[in-house]
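The following pair of complexes shares a single chain, chain A, combined with chain B in the former and chain C in the latter.
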Partner chain A sequence: MATKQRPYMSDARFALLIVAVVLAFHVIIIAMPLGYSFYLSLHETNIILRRSDYVGFDMWQEALDTPEVIQATLLSLEFAAISVVLSFALSLGIAVVLDLDFPLRGLLRALVLMPWAISEIVTAGMWTMVTDPGWGVFNGILVPLGIVPEGFVWLNENWALFWLSVAFVWHIAPLGAFFFLAALQSIPDALYRAARMDGAGPLARFWYVTVPHIRYAVLIVLVVMTVDAFRQFDLVYAYTAGGPGTVTELLPLQIYRFNFQFSQYGLASASSFILIIIATVLATAYFFLLSRRRRVEREVRQAAVITG
Partner chain B sequence: MEPRQRRFVIIAAVVVAVWTMAPFFWLLWASLMKNADLNQGIVAWLHDPTLQNYARVFGLAGDDEGYDAIFGAQTVAVGNGFINSLVVALPTAIIATAVATLAGYAFGRFDFRGKNSFLFGLLMSRVLPPIAILIPYFTLFNAVGMIGNPISLVITYLTAIIPLLAWVLMGYFATLPLEVERAARLDGCSRLQVLWHVMLPMAAPGISAAFIIAFLFAWNELLFALVLTGGSEWLTLSPALIGVSPIGPLGITPMVVFAAASTLSIIPPVIMALIFQRYITRLNIVDPVTIRGV
Partner chain C sequence: MAGVRLEGVTKRFGDTLAVDRLSLEIRDGEFVVLLGPSGCGKTTTLNMIAGLEVPSEGHIMLDGRRIEGVPPDKRDIAMVFQSIALYPHMTVAQNIAFPLRMARMARPEIDKRVDDVARLLHIGELLGRHVHELSGGQRQRVALGRAVVRRPAVFLFDEPLSSLDAKLRVEMRIEIKKLHERLGSTFIYVTHDQVEALTMADRIAVMDAGIVQQYGSPDEVYGRPSNTMVAHFLGDPGMNFVAGRIAERNGSRGFEAAAFFLPLPEGVIEGSGAGAIKTLGIRAENVRTELGGAGTAGVIEGRVFATEPVGSDLFLDIAFGDSDEAARRLFKVRARPELSVRVGDTVPLGLPADKLYLFDDAGRRVYPR
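Right, the complex of A and B next:
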């Protein structure tokens, strides 16, 4: 029998009490600053005269009229798109390998999570070791082999965004791999055996048995990676600092510069709402996918109750 | 398994291991070099390994070649950054875990009206870009003179991490069996006694995982730390590392010193990752989805 919890009155009150405390905390630490940010975005601040004038939505208009803001937004979306494709492929690949049987598997599973645990700054440092044109690992190996010319610049105008993305993916993919691994491990072996008895080859087994079972993990990894790429600041600041030129000047970095280097507080706040709006759209998609997943799980569980 | 297939599996495992570990290896390698040797190329035999770079981070190296006069202040900041980061990360992780445990228990165990809206609110704050939160916080803290004060950093970190932890713990509490809780209630435990004596011990693995996530976040985070502690005596580890980074905005410190400082800085996260990995595979957290730093 399916047991759905029916709280008694005291339970409900207890839950509401806790929720009220959390909510109050939440309002203080999130809603208030956001409201204040909205207030700032409606004002133009003059730091020399130390005054702040109400200008309505002028700053929002200015943000949309500033080519740098539009360029940074597009670059951020491009970065998110490249990163999500790479990290999806990589985390699924790592998960499939970790699910196989080989010596020292336990050790490798432990080590694989390490890139996720370290900071973006150290990630940036490590990838500088690899891509530095003067003494880096790539040129140290590829120049003697004659594959690239001496002093080849990997972070050039065309490819800097890509290498930034590679460093990001190295850092983030282990997490996706563990989501996929959890999904892969939940597939009963009996299904694979049955498919094999029916004459399915490795590819057919992957497509007809594995893929349906990891579909939700797929959706979730896609959305998590997109959101995380879209709001990335630390790695960009530490690895390319927006360069060369402005080819990796992503939106969070741009907003940081507006606010903390150029003291354009109104413009920075208005631009940050572009970021918030896009993130909100992504979050809504995320929530929708998750609640759909819940519903399906419940149906599966009910089906199990009925048939079991 | 046939030998051919087996060989293929082992090659795949080696590829994953090299991809994961090679950057760690090169960082360590560079940290043991002299800067002059590094400039000749990192791909070279370590014929003259040195611990000088580590000694510099601890402030134990002598003042040869006038190093201290130029880079001394930034390098000492890294050592202080370790202590400051610990002072910030521990309270952050403790408070965040405590609040999120209560929230996770309420969300994971009870149905009530408006629960979905609360969940949506939690999730929304999880995807908010840090920079969007930081600007108003900076202005507020600036107005009350709390820039350079570790408390302001702890407050912002709590903002960023609590929604995520609540989400993770909610999933964890939802998987725990109801019967034990019922039995404890029937035996006359109060609601809070049940939470303290029954639920918390059962949820200990999930709570530990939450603690680790929060600690890692506070230890690694750069943007908030840069703005809220930059230039003060409370500079934490991440902005201090940027200070000695030759690829950062200042960009003149020797790469080998940065490599040594970075290597030291990742010791606590790496240990925690190795612990966390055991939890993550043993736990079966309902929504593993949400385990991601902010």
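Right, the complex of A and C next:
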């Protein structure tokens, strides 16, 4: 059988082929559901009458007029703010420690990543074991010591959101730590020695040597954590289920209720676009905030070239 | 301005002895090169003077006062690193100004000093640039500038030219030498490149295995090496060695090696004073391939194993005998490029008595004394 001589694929074609596969994947799992969701948000669906009527942006308007949606959005913002601040600080701290030289460092590095590998549902179960008023770890230790009263409710209406954030931080911080650790390890040791010779103390060394090197890791970590906090459903559903009352009724949970409990598909879809828009705006803001410095420096440089 | 003195300085890393009871006196304004192969302890020594490492034992004195416990930035010492180590996110001006900013110097004074340094090193037009926009040589200049701007009493250099290409290295060598002349500060320079050491240093401390093997002027360490390590490390190629012993043949005393017997004139053996001579040494440029009007040279014969023409000279790799051992221990000879020899030829080699070195069984030089 004669075989046809196959020409080598050019680099450009090969690149296109690879990109095409990824693109197809994205279209199927992201663009199509997103498009369908947008379609749903423009319709009012009645499941009993099996009707779906085009209503334009009425559902979007209704979402913005619904107090529950506004409240859930504000709670989501609060949750994200607490979570991002805590997990950012914690992950940077973990990374700085793991960057030090000590015995069994490799083992500890692997162990630290564990919480991230554990699913949100299991995380919720573990934190329930910690904060349960009757048989939780906290009360098991603190009640006998007389620090909190018998049956103290950790997930009370003032602190439930905070403990929900703590559980989320416990889960997500290791991921950030790994981004930071990778960035820290790329910093040449000679720079720290040069800075010591130049009279920079520990804080100045962190600010002038470490921080500039981890700026892009900071950007990645902020985006990942913010987006993850905003779309967090599993942990909320399994840990507090929105309670007590509605103090942890975050936007994704609210959307879930609209969709699966109240069959308000249009409203659920419209609300989910609020979520997407906020997450996108925040991610873009980080990007501009963290890359602005570069731009200023470039302008200064150009000015120096022109004038000098 | 200050001299540096090391007294019995020892540094251990765990079980490894990096520097072994090292004592060294560096005079005020002197240019001293610590020269040695990698792992000889030269960089560790420099780091201890800088304050980046703490000696396990011994004292380091700057201008007569002990500085082991003084932090690096309080020692009046600046350092230029092998990897150059400029701050990548800062401009050239910011890099040079950094040590002054850390010392909380007033802005106008900083600007003035940065300008002075930029003029001194001819980098004025680079001040607004970023590190990644500079060539290797420019980066090295900026790194020098960051050290010079502090006006320290002592400059430390940790192989600063090793990352540059050969041409630039020669250029910067002269630049650093000129800088030393202009500033008059004490320079301590670490390198494994013997050419850098010979061209720049007032005195060279040749180091090996954590110990100073010899400390002296370039002429001394090259011309009167204290042992075989120094003799081989300085010079390119290093000194030739032939193993053997003192013996008598046909009524004349001389050096007996596996492949030849070299009669030695009166006075050489007596001058060396010992019967423990084990090694004969001679430098490639002192072996004579043209024997017309020979003086006091003893003549031996060797086979040309390979030739290495380098334009200005022709290096011959001589093997004594046909064994693998002989091919491993080649004897290098520098000849005129016009010399016509082919691989495999047997050539006569003149070894002038006044260019010979003799070493004892511990590798110490016993002749000339």
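What we mean here is this: the second predicted complex is superposed on the first by the 261 of 308 C-alpha atoms of A that agree within 3 Å, B and C clash if a C-alpha of one lies under 4 Å from a C-alpha of the other, contacts with A are read in each partner's own complex, and residues count from 1 in each chain.
By our rule, a contact is a pair of C-beta atoms (placed from the backbone, for glycine too) under 8 Å apart; a residue touches a chain by one contact, two chains touch by 3 or more.
None of these values were measured; they are calculated from a predicted model.
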Q: Name the contact category of A:I147: first (chain B only), second (chain C only), both, or neither.
A: neither
(Q) Tell me which touches more residues of chain A here: chain C or chain B. (A) B
Q. Of the two partner chains, chain B (first) and chain C (second), which one does A:V209 touch, if any: first, second, both, or neither?
A. second
Q: Look at A:L111 in the shared chain and tell me whether it touches chain B only, chain C only, both, or neither; answer first, second, both or neither.
A: first
Q. When the two structures are overlaid on chain A, which partner does A:D198 contact: first (chain B), second (chain C), both, or neither?
A. second
Q: Determine, under the contact definition given at the top, whether A:A24 touches first (chain B), second (chain C), both, or neither.
A: neither
(Q) Does any part of chain A touch chain B in one structure and chain C in the other, and if so which residues? (A) none
Q.
Show me the residue ranges of chain B that touch chain A in the complex, using the header's touch definition.
A. 1, 9-10, 12-13, 15-17, 19-24, 26-27, 30, 38-44, 99, 102-103, 105-107, 109-112, 116, 118-133, 135-140, 155, 158-159, 162-163, 166, 178, 191, 216, 219-223, 227, 238, 241-242, 245, 247-249, 255, 258-259, 262, 265-266, 269-270, 272-274, 276-278, 280-281, 284, 287-289, 291-293
(Q) Looking at the complex, which residues from chain A come into contact with chain B? (A) 3, 5, 7, 10-12, 14-16, 18-19, 21-23, 25-26, 29-30, 32-34, 36-37, 40, 93-94, 97-98, 100-105, 108-130, 132, 134-137, 139-141, 170, 172, 174-175, 178-179, 181-182, 220, 224, 227-228, 230-231, 233-234, 237-239, 241, 252, 255-256, 259-260, 265, 268-269, 272-273, 275-276, 279-280, 282-283, 286-287, 290-291
Q: Please give the residue numbers of chain C that touch chain A in the complex, ascending.
A: 50-52, 71-73, 77-79, 81-91, 98-99, 102-103, 125, 127-130, 146, 150
Q) Within the complex, which stretch of chain A touches chain C? A) 188, 190-191, 193-200, 204, 208-209, 212-213, 297, 300-301, 303-305, 308
